[in-house]
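One chain, subunit A, appears in both complexes that follow, with subunit B as partner in the first and subunit C in the second.
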Partner chain A sequence: MRGRFDRHLTPYLFVAPFFAVFAVFGAYPLLMTLWMSLHDWHLINGAGDWTGLANYTELFSDPDFWNALGNTLSLFVISTVPQLILALFLAALLNTKLRGRTFWRAGVLIPNVVSVVAVALVFAQVFGRDFGIVNWLLGLAGVDPIDWPADVWSSHLAIALIVTWRWTGYNALIYLAAMQAVPNDLYESARLDGASNWRAFWTVTVPMIRPTILFTTVVSTIGGLQLFAEPLLFESKGASTGTGGSDRQYQTITMYLYEKGFTLFDAGYAATIAWVLFLVVALIALVNFALVRRAVASR
Partner chain B sequence: MTTTALPQTHRRRSGASTTGSGRLRPFIYLLLTAIIAASAFPLYWTFVVASSDNSAIGEATPPLVPGGNLFDNISRVFDSSEFGLALTNSAIVATTVAVGNVLFASMAGFAFARLKFRGRNALLVTVIGTMMVPTQLGIIPLYLLTTDLGWTGHLQALIVPALVSAFGVFWMRQAVEEAVPKELVEAAFVDGCSLVRVYWHVALPAIRPAAAVLGLFMFMGAWNDFFWPLVVLNPENPTVQVALSVLASGYYTDYALMLTGALLGVLPVLGVFLLLARQIVGGIMAGAVKG
Partner chain C sequence: MSSVFARKGARLAAGLVVAALAVTGCGSTDDGADGEKITLTVATFSDFGYEPLIKEFQATHPNITVKTRVTEFDQHHKQLATRLGAGAGTADLEAVEEGYMPQFRQSKDKFYNLADYGAKDLASQWLPWKWQQSLADNGNFVMGLGTDMGGLALCYRSDLFKAAGLPTSRDEVSALWTSWDDYFGVGTRFAASGTKAKWFDGVGNIYTAMLNQIPFGYFDTTDAYVGDTNANVKSAFDKVAAAAANPGMSAKLDPFSQQWNVGFKQGTFATLPCPSWMLGLIKDGSGPENAGKWDIAKIPGGGGNWGGSFLTVPKQGKHPKEAYELAKFLTSPESEAKIFQNVGSLPSQPETLKNPAVLGFKNEYFTNAPVGEIYAKSGESLQPNYRGTRDADVRPVFGRALARVEQGKQSAADAWAQAVSEAAKALGK
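So, the complex of A and B:
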């Protein structure tokens, strides 16, 4: 009897902790977000009236939302595209016969283990208007100092550089792992056909690791569209409000969510932003999946 | 039945795609060295600023080599913020989250890989499905929930929601598939071992390396987490990342102070990383092939 009970019930006890914690702290908040977005809801005072889709109509005519969406997409594109392409080439370099393999692999991963907050603080200094090292270098070349956070283009460029710096090595290791699974015979026959290394890279390596490229595209899309800490801390004094610069020039959607929910206490509206962001992420992840699949296949 | 064994293809080292002909090799090393230098430069720069007098940073030519003010700056960081408390808090949270994830994920992973029960496949699909959902979008209700529980401002608000992860379950299931032979589990049953004993004495010892890598990932993730701690903690009881953001939002920008804090916050994780780089790199690459 005891053995039967053990065999039938214990497996459920083994998986129970995961599902219990996930149900309470993962699934419930997501569904509750949907419910809250249909209400007038104050973060401190609690639920107000049912408002139906009023939050959504307000959001779609909210210029600050469109601004944040535009910033998010712009930052996403100029950080993710170069990052994945660079990672692909870096992986190809790492896939050659190297002495001290672990050293090189660990070296490219360093930016990824440093906390995003520390990274943001360092780069805030590096891109500082008055004492930043970038402006100092530009000064040596005779270029006037740039107030990096002040403009749309310069702030986006600087933030994209931070994101690219942080994630290129990580993605390169993912690609490297996939490249090592490519059977050597394919390279042999490409070489017999007289293909150069460069050509073999495009005709053998890239098509063979296509699933991994698709995987990183989707993961980077999900992560990139939720960009938060780098822009939040880019200008140190903006850290507490989340507006992303005096003209909201680098406010992302997640920062807008933060501003509405946690500094203005409009929880219903913030929940609406969260759900719309979720849909945007899902949509763009699907589009990117389709785009990259076609692009890589046509090679 | 358990699912198919892992395809063995990825075990076969294909070696190098481009063997790097003689002319090319110095060039490859040069390029890689430049990339590593670019990767490490911000850390070097952090150290330079952290060891300088704040006024030196405002000079016409910035200091390019470390100065002698590191210890002054460190004591200023501890004086001007709750940094000691922050380090302790981060260590508690990250350790607990790592241990919890290893324990719960290995239990679930063992069940999914080696036990038969009704609804197993549906539950496994649910786990994998949740990996794609950005759960941080539920942050508003999560905040209200922790407020109702009276956890706001306390460490359990960070620990409890992070105790499990779908990634961890998926990771440990793969580890059990690879490292725990079915026959061994069956033999233990025949000998009259209870499931808990089989898990503890047979499965857990075999998956120790994978469990260690998972623990490391979870430790680093919890240590570096920012959005949720920023929302749910207050500056009087911060984690390292929250304390850093407090240092950064001061009335006037004291770069030496900020970056000394950043250095102190990075060192523990960087130390762990440098000690166990081989395992961490291997873990990420193994995860890539499995994912």
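So, the complex of A and C:
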């Protein structure tokens, strides 16, 4: 009798901590945010009037929201796509019999462990208008100095570079771990069949690590759509309102959320942005999942 | 996926809870019956110069331990807001800067009314406008006790003035201008002299200074929005926009940014408006190699106030009486005089402004400028500026418009039109 009880209850007890933590830090904020988004909610003073879906209606006709969504997608594409492709080749390189392998493998992770604030400071100098290295190099080639944060294309390019620099190594290590699990005999038979390294990479490595590619794509999508720290820190310190430049040229959705919620104290509207972002991320991750699965399968 | 959202949600709703969990140790948790040991926390942004004063206070109040918490300016106010919203984590005394007062005044119920502890008896201690700024609810509610203020002056590089053939002594320089038109006129002469440096740092500081010289800006004193019709605002906007469009005038730097600091070090601009609290930033940015090159002259356009703070007592604190005592001590005329000599924050009290120790104070870095006399004079004569309840919604909109003109992205007229419509949208909600 007791044994049966144990067998029924013990597994639940073992998984209970996860669900308890999830309930507090996952489910509760999720539902609370939904509740907030249906109210006129002041950050400090709390719940005001029930407004139903008014926040959502307003959001969908809010040009600043669509601008932020466009910026987010643009930054996501120009930072995530090159990042993952680069990571894949970097991993393949690290997977070869390189001299000082451990050094290189640990090295690629360094950008990821450096504090993002330090990264932003350094890149702000690199992309400085008057005394930045990039403009100095361009100047040698006869190009006029560029005010990087001032325009859409230049600000997006600079921010994408920061993101790519930070996250390529991280993804490369994940790919590398997957590549190490690919059985060696597959490569041996490929080589016996006369396949070049390039050919073996595409027909053996890539299909074998498909689940990992899927995983990194989904995770990068989530991360990319929530892009916040890099563009926020790209703003100069005196104007850290989350607006993303003089004409919102690099304001992402999370920055817009930050501006509304924490600069203007409109927590209800910020919660609405959070929920819509959640749905957008879920949707794009699903589409991504389907696309990448098909693309990699057809190889 | 839900964990993704959890992260997002956490930032909104329970990030506050997390923050609260992380800082509950900071507030005063012990019970403070008479004579029992209690701890008070003072949260400020930047150096308020309180350390020596706190030692004094602890010596006379042996049962009270005072801790300090210093955060960066924006961070400090955003944390205060989230902690007030979360219901936990605020310090016993929280500094609130003038620009944030309208926003926090809307949440006065989260603060103790200092009138209940006798604050109204102290009213005459401050300049009348400074006292007014600390009130809510038609004067029935005292939000906080005033600390410093930011009387305006104009800092200039005498070496760059000399190179451009302009006078260099502070009296001669002050005599160069009365109005902002005079100032921009001298700037044109400066730019025409062939110097590489620009006339001022960027549109941000100049425009802020000008707005602080008019009685009210985007909202009139009845709190009605007048940003689109107030001739004073439009005139300031147009003057700054015209100057920004002139290539030799603006170094196009965002105030307080890293590049702004580099600008100080490299000497890329010759002037900027400087309330007294700005002197420390100028000195830090310029570094010892530029000592003696900066000096301080009269600001064009008349007196004005930019900045200054208040010490508030959030309701989360368990010892409002003791916290009030501490705030009263830290803002007393004697304390304000000491603070001015230690860190240069300009006292907001007429008595302190007449104090010989304050009046006679000179700043070595700024060519030994008599900063006590300069700022005391500007502080006594200044005209306060009214900020509307929703000032924070529209002020940045017009600031960004000028930045677009400065960056060459828009004409002044287009930038103004866009700002007016953006401001209307921001307030329409």
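The working rule: the second predicted complex is superposed on the first by the 272 of 299 C-alpha atoms of A that agree within 3 Å, B and C clash if a C-alpha of one lies under 4 Å from a C-alpha of the other, contacts with A are read in each partner's own complex, and residues count from 1 in each chain.
To be clear about the criterion, a residue touches a chain if its C-beta (ideal position, glycine included) is under 8 Å from a C-beta of that chain, and two chains touch if they have at least 3 such contacts.
Treat the numbers as computed from the prediction; the structure is a model and nothing was measured.
Taken together through their common subunit A, the two structures put subunit B and subunit C in a clash. When both complexes are overlaid on chain A, the residue A:Leu90 reaches subunit B alone and has no touch with subunit C.
In the superposition on chain A, A:Gln226 makes contact with both subunit B and subunit C.
Applying the stated contact rule after C-alpha superposition, one finds that A:Leu30 touches each of subunit B and subunit C.
Legend: residue contacts after superposition of the two complexes on their common chain; A:Thr243 is shown touching subunit C, with no touch to subunit B.
Of the two partner chains placed around the shared chain by superposition, subunit B is the only one that A:Ala177 touches, whereas subunit C remains out of contact. Touch counts on subunit A: comparing subunit C and subunit B, the chain ahead is B.
Contacts of A:Gln125 after superposition: both subunit B and subunit C are touched. Residue contacts after overlaying the shared chain place A:Ala267 against subunit B and subunit C alike. By the touch criterion stated above, A:Gly169 is placed in contact with subunit B alone, subunit C being left untouched.
Contacts of A:Val81 after superposition: neither subunit B nor subunit C is touched.
Where the contact sets of subunit A with subunit B and with subunit C meet, they give residues 22, 24-30, 32-33, 36, 43, 121, 124-125, 128, 130-131, 222, 226, 236-237, 239-240, 254, 257, 261-262, 267, 270-271, 274, 277-278, 281. Chain contact summary for the complex, subunit A toward subunit B: residues 3, 6-8, 10-12, 14-15, 17-19, 21-22, 24-30, 32-33, 36, 43, 90, 92-98, 102, 104-111, 113-119, 121-126, 128, 130-131, 133, 136, 165, 169-170, 173-184, 187, 197, 200-201, 204-205, 212, 215, 222, 226, 228-229, 233, 236-237, 239-240, 254, 257-258, 261-262, 267, 270-271, 274-275, 277-278, 281.
Listing the residues of subunit B that touch subunit A in their complex gives 9-10, 12-20, 24-25, 28-29, 31-32, 35-36, 38-40, 42-43, 45-46, 49, 57-58, 61-62, 104-105, 107-108, 110-112, 115-117, 120, 123, 126-127, 130, 132-145, 160-161, 163-164, 166, 169, 189, 192, 194-196, 199, 220, 223-224, 226-227, 231, 240-241, 244-245, 247-250, 253, 255, 258-259, 261-263, 265-266, 269-270, 273-274, 277-278, 280-281, 284-286, 288-289, 291. Residues 1-15, 74, 78, 81-82, 84-85, 103-104, 106-107, 109-110, 204, 252, 254-260, 262-263, 266, 268, 392-393, 396, 399-401, 403-404, 407, 409, 426, 429 of subunit C are the ones touching subunit A in the complex. Within the complex formed with subunit C, the subunit A residues making contact are 22, 24-30, 32-33, 36, 42-46, 58, 121, 124-125, 128-131, 147, 150-151, 222, 226, 236-241, 243, 246-247, 254, 257, 261-267, 269-271, 274, 277-278, 281-282, 285.
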